[in-house]
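One chain, subunit A, appears in both complexes that follow, with subunit B as partner in the first and subunit C in the second.
Let's turn to the complex of A and B:
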């Protein structure tokens, strides 16, 4: 209907010797005075430069210096010295390894569970319950990261935590979730999955609603296999959402800080010291801003490369 | 110049300043001294601890007498160093520095704090009753002085004490707490670890607690130390290793997951009757003696920390207050008046009664104080013998403590042996000290 109206409008415009409506709109935009454009775009560009670009440039600058807040008298240019220290520091790579381990475990689980929940909620019927479920999915995401960590600290407490109490009801001995390195690492992964699976579910659910009803219904008439419908009809519509989930969750995991910091503070030992906790420790507890900046720049580069890879791999299929 | 001679000289100069005051001048009073600074606001960082609550309750009196406003920013310990460093680097608002004993080298070397003699030698500002000699010498030296110069006056003062559950000990057949660490491990450990209860808990969470409360606590009583006289690592010495191995062996009598225990968990474990003994800061006495936070009030016992082969070397910690160099002259004067007042002999008893722990010797000699505050005898005894460099106080400590926290925890978890861990800490610690210039002679070997 809309298309028909557009064709009619364009034809009328051509009859008048003018240009199609869409082209007129473009020309209107181009005729906007430079001052007006600057007025609209300027604040956003300035804000972005002030809060995004300037700190980044400052971080790159400090990463080239021996720059310790408690030893400013010793500040000097050391070129790529901090980067050499980062690349040869086993602690940095161990932290990076932990972060990627968390990513490759948590992300597929979040996607799989999120997809499952989205498909369930996409089924017809049970309208009120589905609305309730959708609303409750927002709660973990809406909770402040640091609060999620504090909740975890209390709930997984060895002696007083509700998790061990529940396990006790079914005869399982208390588990030292946050005191044993391997368990602590598993716990933060579990907690991350708990908080972010709903996000994946909601994104996929939104994707499923974009599948044209008639195509989906036609496919269901052709086959009873839900997998075939998912693979050939629904999945193509989910790819943009999946790409967004991959990029956002990867970036989020690589900069994961608040939840882990409040829950375990990187311990016991270094077992939950993710890369962002290490950077914070070096930069704000040992005050070595130069080294911490170099670590952050390396992390930024890795994040950008990964994001580009996701876009290249997944968007090609769309 | 030794710290004692410096203190004596300062005390003498303070006395001389008073003696040389113009004849007929009226006696010094806080109100008179503060008159030029009425309306001044001084900014200071406070922690969320009992001593600071006590000071806050006393504050209205100071503000009323002087017209000086003390603007307090409260924060947890873990944030206090970073907050102050950023403020001093950026030329911020703080007029008073709150200095943990391990920060004093850092603050003094960076010129962020003003030597106290600037004010002590000013008869308008110096209280004739200041009496620096009244502070426990160990405490004033450790918390307030660096390289022979006094900067801060001890404000929130702790010593490590042995808190124990007398009832649990009596049930196990003990009529008192252990005298030595070896006795604690070999005699009390097996007897008190049973039925889901543990003999001991040593707070060892990976933050300053690991390096100060756990790692350093087992080094010194066994004759070990972080550094030798040449500032090389001493952690592989026989004595240091004995202490670190002792900690490993003692862990069998501690609750599972002790590396996740911070102060709160440890104090709570004793307060709920889950462990029989803990070594904790004196400032936790009110928590353990309060029926609302402790189930063992009637069974609570307090003693000095056990001794090791090298003697009793209890954990030493606490904070001094010093005037910040970035403050202007008026703010500095107002800040000094506050510091002098809150740490004064005159206010020590009230501060103690409100939950603070003053470092004034005179208050602990008052009649009835030991009965009112049962931790006092153990505290006073602990402050007779201690090591100011329990943790090195130089500017490099923030970097070194991170190394100790990481590898000290790995040792406890059995991920590395005590030798491997000590070697790692030693190499990394020496790299930090080398870069700082200690080995090239650019910096004096002061800790």
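Let's turn to the complex of A and C:
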């Protein structure tokens, strides 16, 4: 097919007295002057460098100083002092630990539930109800994260909350969801699952629709077991979606701020203080910009290492 | 004998499961709207009321007495302008990534995408200090600029895809006609890429509209956005639940409308950079 086209184009080019098409294509690419490329790319690269990269460099500079906004007179260069403080600070690593605990509990649940929902929606039949379900799935993930947190505060309230009322209907006593450390942590995980399971479901559903119809139908004639079909036929098509979910949920949990901040402010105590909340507190409520910058740089390094690692594991061929 | 893993659950079970999914997804939204229609007295009833005298006073109060109206206008201005900038800068860059070969292309792409992964707190700290030293805290332009850090990558990501899907033969023909790359981009490819531009605009708008942390750190009154305003109701002992939920409803409804419009592209947009 390709060869035939090339022959056709070569012939056409020769008729015009030009060069063969293959050669023409190469020259075509090179013919775009460097200046033109710069004109297209320059503004975006410059903008991202100015607003995304320059502040980072400034953050690294800040992290080398004793820089407290309430005690600016004491500002002085302390080298890696802030980093030494970060690495030996149990509060920082506890926040990091909470963040990863949340990820390790929430992500498998989101993947399992999301897969179940995707398989259900992928079944033929019940068209209207399934369209309705698919549109409903958009609602949690589109809801402003801050609003999700505020809504959580209203719904999980000990006295006025509807969650305790609903639990009361099935004979469970009121639980102080946001007042007891362990329950508060469970609640933010539950709420994260509520918001992001639909995302997993829609990603997997998109993956399932890429399985060629004939292959799936042939497999269904062979076996009645959905598990066999899932493992041997559908799973290979789900790998890109799974990878995406893994990378993005990891990054988003490290970024998680809005929902938890509006729901618990990191409390009670520090039981729901995830890493981004901790850095925000140190930087903007304790005003220790130097220490917070060092924490942020460590977080950035962890994020970059993790995304490189994921990319190396999953996209080995790149 | 039935296999334990037989293929389909019965029709009734499917209907029940689907209904459960729908209720589970929509109930919090329903509860938000319901609470926004309660007077403070009703909102503080134990157990919570499901049927009550509906009042719209929360909406009129937050809009006209509590500056939520102005914060919504702020959010709108900031989201629209940052989206316009993102398209203006991002579309040409996406075209270059889709059409030209150059050294360092892969590294550039990786850098664009990494911006999606970085926690906003990492940029909020230095941005705060820089903006403060210029005396520009609490201005619209600061949020417009910093929102480009996530809007520019999303526009570039979606539009590069879109430009790649336009057959090369079209611009090869134009090159033979003697058209410049800029002209090909502007009069030929840009109109053909309109769907991608529209979708990336919707995403850019949603992300900016929803953003909280930068708004919390970089604004006080003048440029305060709606989510930051909603959070400021949370101070004090007696929380005005009705008002908080009314503000929340005003914030969420436009986003949900946009998200439903773009629902087919939502997955594509949100998995940016992670799916080849």
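In the analysis below, the second predicted complex is superposed on the first by the 285 of 318 C-alpha atoms of A that agree within 3 Å, B and C clash if a C-alpha of one lies under 4 Å from a C-alpha of the other, contacts with A are read in each partner's own complex, and residues count from 1 in each chain.
By our rule, a residue touches a chain if its C-beta (ideal position, glycine included) is under 8 Å from a C-beta of that chain, and two chains touch if they have at least 3 such contacts.
None of these values were measured; they are calculated from a predicted model.
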Between subunit B and subunit C, more residues of subunit A are touched by C
Thinking of the overlay built on chain A, is A:287 touched by subunit B (first), by subunit C (second), by both, or by neither? first
Which partner does A:70 contact after superposing on A: first (subunit B), second (subunit C), both, neither? first
Report task. For A:129, select first, second, both or neither according to whether it touches subunit B, subunit C, the two together, or no partner. Result -> second
Is A:106 in contact with subunit B, with subunit C, with both, or with neither (first, second, both, neither)?
neither
- Query: What is the contact status of A:189 with respect to subunit B (first) and subunit C (second): first, second, both, or neither?
  - Reply: neither
Applying the touch criterion given at the start, work out whether A:180 contacts subunit B, subunit C, both or neither, answering first, second, both or neither.
-> first
Between subunit B (first) and subunit C (second), which does A:159 come into contact with in this model arrangement: first, second, both, or neither?
-> both
Note to self: With both complexes overlaid on chain A, does A:39 touch subunit B (first), subunit C (second), both or neither?
What the structure shows: second
- Query: Once the shared chain is lined up, is A:243 touching subunit B (first), subunit C (second), both, or neither of them?
  - Reply: second
The shared contact residues of subunit A with subunit B and subunit C are 159, 284
Touching subunit B in the complex, subunit A uses residues 69-73, 91, 158-159, 176, 178-181, 184, 264-270, 281-282, 284-288
Subunit B residues touching subunit A in their complex are 81-82, 85-86, 89, 106, 110, 205-207, 255-260, 274, 395, 398-399, 402, 406, 409-410, 413, 415, 436
Residue positions on subunit A within touch of subunit C in the complex are 25, 28-29, 31-32, 34, 36-37, 39-41, 43-45, 47-48, 51-52, 55-56, 58-59, 62, 117, 120, 123, 125-126, 129-130, 132-148, 150-151, 153-155, 159-162, 164-165, 168, 194, 198-199, 202-203, 206, 220, 224-229, 240-241, 243-244, 247-248, 251, 254-255, 257-258, 261-262, 275-276, 279-280, 283-284, 289, 292-293, 296-297, 299-300, 303-304, 307, 315
Listed in rising order, the residues of subunit C that touch subunit A in the complex are 3, 5-9, 11, 14-15, 17-19, 21-22, 24-26, 28-29, 31-32, 35, 43-48, 85, 89-90, 92-93, 95-97, 99-102, 108, 111-112, 114-130, 145-146, 148-149, 152-153, 156, 172, 175, 180-182, 185, 206, 209-210, 212-213, 217, 227, 230-231, 234, 239, 241, 244-245, 248, 251-252, 255-256, 258-260, 263, 266-268, 270-271, 274-276
